[in-house]
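You will see chain A twice below: alongside chain B first, and alongside chain C after that.
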Partner chain A sequence: MNALRALAKKPWFGPLLALIVVYLLFLMWTPDTFARPITLITMARQTVVVGTAAVGMTLVILLGGIDLSVGSLVALTTVITARLLQNGMSAASAAMVGIFAATAIGAINGGLIVGLRVTPFLITLGTMSILRGAAKGLADEQKIDAPTRGLEMLMTTGPNRSWMIVPPGVWTTLLLAGIFAAVLHFTVFGKHAKAVGSNERTARLAGIQVGRIKVYTYAIAGFLAGIAGIFELSTLTVGDPTDSIGLELSVIASVVIGGGSLAGGQGSIVGALLGALLMTVIRTGSTQVGLPNWVQEILTGAIIIVATGIDSARQRKPA
Partner chain B sequence: MTRLLFDNVTKSFGATRALRGVSFEAKPGSVHAIVGENGAGKSTLMNILAGAVKPDSGTITVDGAPHTPKDPQQARDAGVAMVHQELSLCTHLTVAENIVLGVEPSRFGVLNRRAIQETAQKALAEVLPQTPGGDDSGGITPGAKVSDLPPSARQLVEIARAISHPACRVLVLDEPTSSLTSHDAARLFQVIHKLRDKGLTILYISHFLEEVMAIADRYTVFRDGVTVASGNVADTSVNDLVEKMAGRRGEEVFPPRTKRSPGEEVVHIEHLAGKVRPVDVSLSLRRGEIVGLFGLVGAGRTEFFRALFGLDPIKNGSIKVGSFLGPASPSTRLSQGVGLLSEDRAAEGVALSLSISDNIVMSALRRLSKWGFFLPKTHELEASRWVERLSIKTSDATLPVSSLSGGNQQKAAIARLLCRDVDIFLLDEPTRGIDITSKTQIYKLLIDLAAKGKAVLVISSYLPELLGICDRIAVMSRGTLGPLHEVGGLREEDLLREALGA
Partner chain C sequence: MITRRNFVIGSGVSLVLTACGGQGSGSGGGGKTLKIAVVPKGTTHEFWKAVHAGAVKASKELGVEIVWKGPLKEDDLKQQIEVVQSFVAQGVSGIVLAPLNDKGLVPAVNEAKQANIPVVIFDSDLQGDAYTSFVATDNVAAGKLAGERMGKLLGGKGKVMVLRYQEGSASTQLREKGFLEAVKGMSEIQVVSDNQYGGATTESAFAASENLLVSLKAAEGGVNGIFCPNESTTFGMLLALEKSGLAGKVKFVGFDASDKLVDGLNAGKIDGLVLQNPFRMGELAVQTMTKHLKGEKVDKRIDTGARVVDKESMNDPEVKALLKPDLTKWLGQ
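== the complex of A and B ==
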């Protein structure tokens, strides 16, 4: 009983419950398709890009910030990597350079926020546009059809790798989520980030180098957006400068559904992944049962409001 | 004749009995002081009067009519208005807009600008001294933006707002002087007396007993949710009030003085100046001594600490900490052994949403980790050691620090410095707004620290406290720090005079 109560206190308990309920609902509606392993695997695969970016966004939101440029950064990464593949670079090297560039851009986001003392919302609103423009320029405003050189394997299990159950991209996302959840719980950096998000003035007073923590955090968010970009490229098999428009909103929604607070100091990586998965389930389920696109959008929006409303009510309840 | 009557009012929050039997009456045309330690039930009383909380039993009447408001607006309509400790004005609006906020004169939703102006003008006339030429208005005009006004002026605007309601009969002031200089406080007292003479009942809640003695006509003492005594201020004394509040004698608050012998110099400051404040600070601090900094609010004591600790830029002068010379960032200062306790506990001193444990270990994470990694358990163990050492009242160090009372939050903030093992303590108003028990514990702790060879620099606006624990005291006035005085034979009057620049 106590263990159950402790479980209910976890920030990701709400989204987990919602996920189970929504899944069961669609399962009852279309039992023959929704229980099939292929549906589950497809949904996992479709969550990878948002999920990976949401891990980074959780850190940023925990820090009390926000990153609106993540969608543009994902698109830019697909373009950079595709260009390199086109020029004959190997898949591993091209992906590495793409991820490195995204990490550097994340660090620049952080540097601008710290250096100019402008709110993250405005800085990343600016870089959102700059990066989108840069992606279009680099791609000559068209899709880059490059040889993927095995990069597409990230998102498929293939005929002779069925022992993997889900594609390597899904495993990578889970691994990254595990690593960064551990960073939050067991490292000085994680503790410092949470302290900055909770009360920046107290953190400064306690000797925490607030600026440095911010730059690191945005760099990590850039790194994860870069990896999400590689996954996106692996799915699309082209570098697309107009891809992932509005992705930042799905990513932020995942984090918020997962218990993150835009006021900072609160956020759960497990919760964010569950939030991302919840949105995929709603999208897939609605398609399966034949609900039109506009109904899906209304449903997703309603889930965000209900989830954050419940969370807010839970916070207000006296201990 | 009775204006306000409390008859055996009780209120419980879960298992906590906040009010266990509150009975007193206040007369029209009088200043009635409410005194008591933190947690004695004063704020619950306020919340009931304002309609934010409903009592469990008992009755409250205003001029004979039962007072059962559902929200602050209803309370105002019933004639009871509050001025809270944390001022609640909208700083982007003008003085006039604030005064009529929520009761804007309008017709069909369109504001009646002239009526707003008149209401504001009338209310302001009540709270501003009637000097011909209006030199002492402090810039308070109906059109002035609140953000341009100093705290003392904002307070007067808030009072004007409270009394602008035609029904206003009872005015509740919660710690009105806590952020005022003594000059501004004196002006506030004039306003209070003027309002009293017009027949208003003023409930005056304050920690400063000297002030209560000076301004109030009657008093009621709260202790543990019960009204233990009421009477005429003329028939009591500060010591008598303290005794009633705490159930013990006032002198016991300060631990006995022990002989301390200061050691080597650890901080040497010459002609330090910040952007605006401080203007000129020279100071030498030695191991094993407690040095007090007295001054009026706004004299620049906090700014001096912030410049020294690296939170604010330095314009001029030199700082030497141990063997380190020159300015440094807060994290460097901490590694030099300097720790700062903020005067603003809620906004800076502690991170309210973090756990007690996280707050305590925040500055010591490098020591408590290896290669940047740690086990959460080690933090909780470390924190629980300090919880015990400082008798922080909690059942669980993993609870948020906001679950603690003010005094215990302050102890957690001090524990952060101890956990980091700093050598030089910069303490800014360490006992402001906390209960007597916590105060006594903090005094004892400071004396222990000095005995162990730590250097303690403490800012306080409460003279008896500085005289009770310090070895030397310096006074800051208009940004300039005066010479250090040995405490022996020092009188409150002398320090106050120096602070006023008289």
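== the complex of A and C ==
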């Protein structure tokens, strides 16, 4: 009983419960297809981009910030990488340059927030538009048809690699989530980031270098958005400057469903991944059941509100 | 609770069963209702509503179930890929798809093929040959129609020009090619310009049209006939003709329809519009998939037809159905 109570206190318990309930509902609706292994693998695969970006967004929200530019940054990464592939660069080098560029842009986001003392909402609202424009310019306002040179294998197991169960991209996402969860719990940086998010003034008085922590955190978010961009390119097989418009909202929703607080100081990487998975389950379920798009949009919004509402009520109740 | 209808086809009797779930949707015919996923490029534009209505008509007549599902955001490539992946995972009987990108959808269609789910492509082409059939307007033939009409309008004699749409746009390039082939076959017709592009928007097409009309001295009879290969170039050219007072004086054939273009046709400023048939496209795509699933042979390329509409034929019931398809009947809106 105590163990159960301890479990219920975990920030990811709420989203896990929501995920199970929603999954079971769709399973009852389409019992013959929703439990098929291929459906489960497809859902895992379709969660990778939002999931990876949500790991970064968890850190940013924990810090009391927000990053609205993540969708544009994912699109820009697909464009940069596709351009390099088009110019003959190998998949590994092109991906690394793409990720490096995204990391640098994340650091610039952080630098502007710290340097100009403007709220993250406004700075990243600006960079959201700047990066989108840059992606369109770099792509000559069209999709870039580049040879993917094996990059597409990140998102598929293929016939010969079924031992992997899920595509390498899914494993990479889980690994990254594990690494950054460990960073958050076990390093000085993680403790400082939480302190800044809980109370910035106290953290400053305690001698924490708040500015530096912020720049690092946005750089990490950029790094993860860059990796998400590589996964996106692997799925699209073309560099797409109009890709991922509105992705930031799915990413933020995942973090918030996962127990993150927009006021800062709270957030769970495991919860965010579960939140991202929840939204994929709704999307896949809606498609397989044959719900019209407008119903699916209403349903997604309603589930976000219910999930975060239950979580908020659960936290208020004394355990 | 969902109720599904299960029609037994072939005997001419339709046996209606109601069942709740549990019916399966594996590929192949048998006694099961075929479930065909229809994936358009978007769900809100008029064009796709007409395709939807056509698909519904075919599904009702053939007794198959269709699931209509496009990307949530109009023209979102990633979402369209994910929709196709979900249908493959679900194991629908077949997928009918209008690919947003001729390369981006290739892996998803390959996955469908590996899972033994046939894919019929419609509206726009896809690279490779993993699909069963391609159902769309034959754009060369549609361009030829426009060229032949132009020849008739000019009495087989005169100076014509084409305002092209955009480099790298396959469908319009084929229409331009068909038009030029048709008019070049007429000995007394001279092509005075065929290398100018209108660009992506009505504004850019308008600017290009104005420049062309001036440089070719259209007002002094330098041009007798004009062809534009899509809606935006046609509309841009119409505006330029109106502005320079040439509307109605120069013979003008355009492509596709919008309310503004139909008004232009009515006012005698446009002499002909080539219309595609999205309703027929949706209908033929679902019919083709159903035939294939029942083991019949289908053609790799199926033309959904196009026709030239002018002021006289505008009020034919058939043309009216093209200009304003009866969506209510099939979509119940």
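Going forward, the second predicted complex is superposed on the first by the 317 of 319 C-alpha atoms of A that agree within 3 Å, B and C clash if a C-alpha of one lies under 4 Å from a C-alpha of the other, contacts with A are read in each partner's own complex, and residues count from 1 in each chain.
Please note the rule applied: contacts are C-beta pairs under 8 Å (C-beta built on N, C-alpha and C of every residue); 3 or more make two chains touch, one makes a residue touch a chain.
All of these numbers come straight from a predicted model, not from anything done at the bench.
**Q** Under the superposition described at the top, does placing chain B and chain C together on chain A give a clash or a fit?
**A** Fit - chain B and chain C, as placed by superposing on chain A, sit side by side.
**Q** Taking the superposition on A as described, I'd like to know which of chain B and chain C A:His185 touches: first, second, both or neither.
**A** Touch partner of A:His185: chain B, not chain C.
**Q** Determine, under the contact definition given at the top, whether A:Gly246 touches first (chain B), second (chain C), both, or neither.
**A** After superposition on chain A, A:Gly246 lies in contact with chain C alone.
**Q** Which partner, once the models are overlaid, touches more of chain A's residues, chain C or chain B?
**A** Here the partner covering more residues of chain A is C.
**Q** Go through the superposed model and pick first if A:Asp145 touches only chain B, second if only chain C, both, or neither.
**A** Second partner only, chain C.
**Q** Classify the contacts of A:Leu205 with the two partner chains as first (chain B alone), second (chain C alone), both, or neither.
**A** After superposition on chain A, A:Leu205 lies in contact with chain B alone.
**Q** Is A:Thr156 touching the first partner chain B, the second partner chain C, both, or neither of them?
**A** It touches chain C, and chain B stays clear.
**Q** Please give the least Cα distance, whole angstrom, that chain B and chain C reach in the superposed model.
**A** Minimum C-alpha separation, chain B to chain C, in the superposed model is 39 Å.
**Q** In the complex formed with chain C, which residues of chain A make contact?
**A** It is residues 29-33, 36, 38-39, 41-43, 45-46, 142-143, 145, 152, 156, 159, 232, 235-238, 240, 242-246, 283-284, 287-290, 292-293, 296-297 of chain A that touch chain C.
**Q** Which stretch or stretches of chain C touch chain A in the complex?
**A** Touching chain A: residues 2, 21-25, 43, 67-70, 72-73, 75-78, 81-83, 85-91, 101, 103-104, 106-107, 111, 114-115, 168 of chain C.
**Q** Hey, which residues of chain B end up touching chain A in the complex?
**A** 13-14, 309, 311, 329-331, 333-335, 340, 342, 347-354, 358-359, 362-363, 365-366, 369, 372-376, 399, 403, 416, 420
**Q** Using the touch rule from the top, collect the residues of chain A that touch chain B in their complex.
**A** Chain A reaches chain B through residues 185-189, 191-192, 194-195, 198-199, 201-209, 265-266, 318-319.
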